[in-house]
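There are structures below to look over.
Two complexes are shown next, each including subunit A; its partner changes from subunit B in the first to subunit C in the second.
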Partner chain A sequence: MSDTATGDERVKEMSGFRKALIRPELGGIVGTVAVFTFFLLFAADSGMFNAQGIMNWSTVSAQFMIIAVGACMLMIAGEFDLSVGSMIGFAGMSIAIFSVTLGWPVWMAILTTFALCISIGALNGYIVIKTGLPSFIVTLAALFILRGFTIFFPQTIERRTIIGGIDDAAEGDWLAPIFGGEIGQPIFVWLADLGLIDVFERGNRAGEPVIDGIPMLIVWAIALVIFGHIVLTRTRFGNWIFAAGGDAQAARYVGVPVNRVKILMFMFTAFCATVFATCQVMEFGSAGADRGVLKEFEAIIAVVIGGALLTGGYGSVVGAALGALIFGVVQQGLFFAGVESSLFRVFLGVILLFAVILNTYIRRIITGER
Partner chain B sequence: MATGRAPIVEMKNIEKHFGSVIALNGVTVEVYPGECHCLLGDNGAGKSTFIKTMSGVHKPTRGEIFFEGKPMQFDDPRDAIAAGIATVYQDLAMIPLMSVSRNFFMGNEPLRRIGPIRLFDHDHANRVTMEEMKKMGINLRGPDQAVGTLSGGERQTVAIARAVHFGAKVLILDEPTSALGVRQTANVLATVDKVRKKGIAVVFITHNVRHAMAVGDRFTVLNRGTTLGTAQRGQITPEELQDMMAGGQELVALEGSLGGTV
Partner chain C sequence: MTSFLKTAAMTALVAAAPLLAAGQAAAEGERYVLVSHAPDSDSWWNTIRNALALAGEQMGVEVEYRNPPTGDIADMARIIEQATASGPDGIITTLADFDVLSGPIRAAVDSGVDVIIMNSGTPEQAAEVGALMYVGQPEYDAGLAAGQRAARDGVTSFLCVNHVISNPVVAERCQGFADGLGVDLGDSMIDSGTDPSEIQNRVLAYLNANPDTDAILTLGPTSADPTILALESNGMAGDIYFGTFDLGDNIVQAIRDGVIEWGIDQQPFLQAYLPVVVLTNYHRYGVLPGNNINSGPGFITADGLELVEEFAGEFR
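Let's turn to the complex of A and B:
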């Protein structure tokens, strides 16, 4: 620390290395490079890096990304949401019950579900703000309540916990393809014509490219990452998010509407969970009461790998997206490499520990604590 | 310095009760533009409570506040900020993890339009921050340097510069020097002096008589929720101030036994 104002000889010029360390994305970038290097070296011939393989881990990564963006911005605002996984199950079941059981048009089921889930997110936030309880506890309660209802409703109404037939109901719907559709099909036909990607050799789809198009899931993931990144780094509201998580009281004293910021972030997290659920339901054509289990932790881990501090006030959406990419690549890579899939959890635990230790170290550098 | 001009803030017979605790029992203070008004008192005397009624954090139980001659009621800190009363709290001035520039503009972010959307104008924010810091004598590595790397005194200075930049007419500093070393304290006191010379009213809270004497124009001593009156600079000695803070004779006796070291 320097005591004087001008030219203190004790303020060391910060080395380029330490400067680079201070970027929250650093861990994510290093991890991404490491993971790709590893699988390129050891699983290059497994099919992981051909067109289908890439599409495979991209889709899985995109799933993680969608919920990681919400979790990231909420964590930077200083709060957690442990109900994300339950919210995913709940939202999917809500769409199924409205559209299949009640026979509503799918677009109406989707919009109603968004309204419902975002309201629940707002309620989570409101309770956290009003009671002053840690969001960890409040959303843990929501985790159980939502999961309970997600099982209770289909059980009671339909006597089962999986509701199918959503794909039939969504036929011709205008909103469903925004979540379950694909884009860019002509590009893949063209790439196949050029011989850059494979085509099916036989079967009723012979001659068609092995990839139809880019799933909307991936489009949503990219859009949310860009949106989140811009809001966080380039807007007034983004500054308020950092401030609310960095020190809520200091932010209030200069007039930042901390409560509003936090509640909006809870709502955004719920929005992301609902996007995830809607894409999943449209892809599978069904909703299951056990969907989304443990997703909240996966989202939080991706965010932490991405450099965010668990204590709030610091982090990056791009970092969180890289964390999600690492997740997707490793999970699918182990599958391609034929490694026992339970080892994925071991990997998660280990990398989480490393990420938290690295982040704590970086925090010390930034704040000059020692 | 203050005579012949109208006070910018008048606090009349302010009382504040917290349940059965009477934190303030009728305190009257006037603050003039361009003066440094020192509020002295021992721990628990009611200094923080008093300035919080001025900055809109607490509503007084009884008493009147006049701001620029008009009766005023602040319902929350934002009202007071909007009116031009800025408060710098000792440990809550800045957010360590955020850059100096983001801190400086926190709550007042400059915007730049791009079509229908409005973005945080980082270029403007960075430029102004560097300029303002230079004026205050703080050399930053860059506007993106985290506040956490600044010393306590520098953080106070940044917070003061921020309040001044955003047009504060009254600047309240709650014990800005109590956790600082000698050099840092000197820097903060120099900053207070600069601010006062701009015509801004400074309310400077401290329990250190020497810090008060260094910059104060007038001195009000609080003791157990009441004021023992306001003295002009030159009308009172440090020893008298010290006695008033201690509430009378005890310290004189103590000082005798310690050989004048307190």
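Let's turn to the complex of A and C:
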């Protein structure tokens, strides 16, 4: 690497080791290896690494990934969104009300919900830009407002806070399977035939593999990570995101449309939350007013574990995805390892603290502080 | 880098300590996992955990308690899937939302894990997901019985303080109570949230706005305790007709003091204890009771409080 660097005297020479250290993904990579080693040692025979177990923590990690991608890019752009969790509940309820209560076709309910939620994201961004208030406060307000509506509407219209029957409504719909469907079923049938994964022992699905297929949730997560990574590292717009978060004023001086970038990132975060909600609603067939509680913090934790700085301007989508993987594996893995469930939050806190300490250390290397 | 390695080693140590402890505590024999829908903040489930531990100890089986930390039912579905993957002999779970949980529970049953539904859900739903039985208190019927009792005592209007508005099964209690009274539920049910001071203030506000309210129904200690405080502060304690679901230290004291007329005990002890006993005997000797088990309702009044008082919050 250092050979190519000598070609340009403006580029400071750096050792490969140091280069590896200042990659934002480093914390995530080290953490992922550590977490998997840990659970392989302590929970290897608990079913965590059989087909059902792997699918379990993969699904949970994919959930975190979807919202972490949005939260990560917004955080790099220098803003927060605390309304992600409420947005998940709101979007799910919106689909349920449009499709079940109002009887709209499910594809129309989904598209309308996406339009509605992305507009709310845009409104969040617009208020932040126009008022100059910290996004922390503005989206905190959105957290309460959206959660309130999520309880109010179904309570007023249907006299209950959980609306079911969406799976019946979604029968034969063209858009619903893109969120709630599964792919790769033949592969799992084949694996089951080879005896590599278990089959159901009884019931009307006896003989079928215990895993139907890969849920679209996981496909969405991977697609969003790839999309986010390419936008962030391979496009001009990606540079604008970093610039807007690093120093907004300086970015404006060199002609970066900071306001547009930030508002677009708020919209993207809302989009990710809506993808999460739609996948959940289509999989479970019901929407509840308490869905997504505290998910905003889980998204932020995943992003921070993944190496992004809370102050903006630094981070990576791949790192956030690894953070989500770590978070998901730890959360489900603790159950597999048989840890007392009330200690769960203790572990979460320890991991978060550890990640932040590591990130601070990395920042010192970059800025050269001692 | 060395400091990082040190931190990593420290974290591993800190993380490993409880794991090792958990490993040593593991009993021989069957393993049963109880999955609840309750968030960490719900103190009522402590009784369930104690009864579960006691049953595990007495039957010589390994028991585990799992719950979604925030009470998110979708997270609970993942926990049931996780429990299934860990290959236990049986799963004891609530059925708080049929749409969300029926899939994971059916998958558990189909992969050879025996399931008993406890607490939330109905006997019909339990049968539909292929569970062995349902152990719990039919919520609507309990509310109805309470409403009929209150009607006999001359109540015509009421306030239902619902601290778990997101759980439709629990809201059935309010509906049952209204039907038992023969009145329309209307706006009698308030969403109180789970924060004690918020609950207290909302109850006060409601009673200020509706001074004619005859009775108050609370749905558990979470809403009952702050309501007791609210009534003490506005001087209505002992005056207004006050009934509650479930028991707890403060509720028992309030029954003794005459603030609360009656508490409906769904006997959570039995909901956690009996499934473990039933499953163990089923797996060891192949015997299974032929019906669902109603753990409640039992009305607890100022008479016969002694045992209740002794074990309130622990086993009662």
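We take it that the second predicted complex is superposed on the first by the 351 of 370 C-alpha atoms of A that agree within 3 Å, B and C clash if a C-alpha of one lies under 4 Å from a C-alpha of the other, contacts with A are read in each partner's own complex, and residues count from 1 in each chain.
One rule holds in what follows: contacts are C-beta pairs under 8 Å (C-beta built on N, C-alpha and C of every residue); 3 or more make two chains touch, one makes a residue touch a chain.
Bear in mind that the values here come from a model prediction, so they are computed numbers and not experimental data.
Contacts of A:Phe344 after superposition on the shared chain: subunit C is touched, whereas subunit B is not. Legend: residue contacts after superposition of the two complexes on their common chain; A:Ala243 is shown touching subunit B, with no touch to subunit C.
Touch counts on subunit A: comparing subunit C and subunit B, the chain ahead is C. In the superposed model, A:Ala206 lies in contact with subunit C only, and not with subunit B.
Applying the stated contact rule after C-alpha superposition, one finds that A:Phe336 touches subunit C and leaves subunit B untouched. In the superposition on chain A, A:Thr139 makes contact with neither subunit B nor subunit C.
Within the superposed three-chain model, A:Ala34 lies in touch with subunit C and out of touch with subunit B [touch as defined at top]. Looking at the shared chain after the overlay, A:Asn124 reaches neither subunit B nor subunit C.
Contacts of subunit A with subunit B, set against its contacts with subunit C after fitting on chain A, share not one residue. Looking at the complex, you find that subunit A touches subunit B at residues 1-8, 11, 13-14, 22, 230, 234-236, 238-240, 242-243, 246-247, 249-256, 309, 313-314, 363, 366-369.
Interface of subunit C with subunit A (complex): residues 1, 3-4, 7-8, 11-12, 14-16, 18-19, 22-23, 26, 40, 64-67, 69-74, 77-79, 81-87, 97-100, 103, 106-107, 109-112, 130, 165-166, 168, 171, 191.
Only residues 77-78, 81, 87, 89, 92-98, 102, 105-109, 111, 118-120, 122, 136-139, 141, 146, 148-151, 153-154, 157, 162, 181, 183-184, 187 of subunit B touch subunit A when the two sit together in their complex. Those residues of subunit A lying in contact with subunit C across their complex are 21, 30, 34, 38, 42, 46-48, 50, 52-53, 55-57, 59-60, 151, 155, 160-162, 164-167, 198, 200-203, 205-206, 210, 280, 284-286, 288-294, 332, 335-345, 347, 350-351, 354, 357-358, 361.
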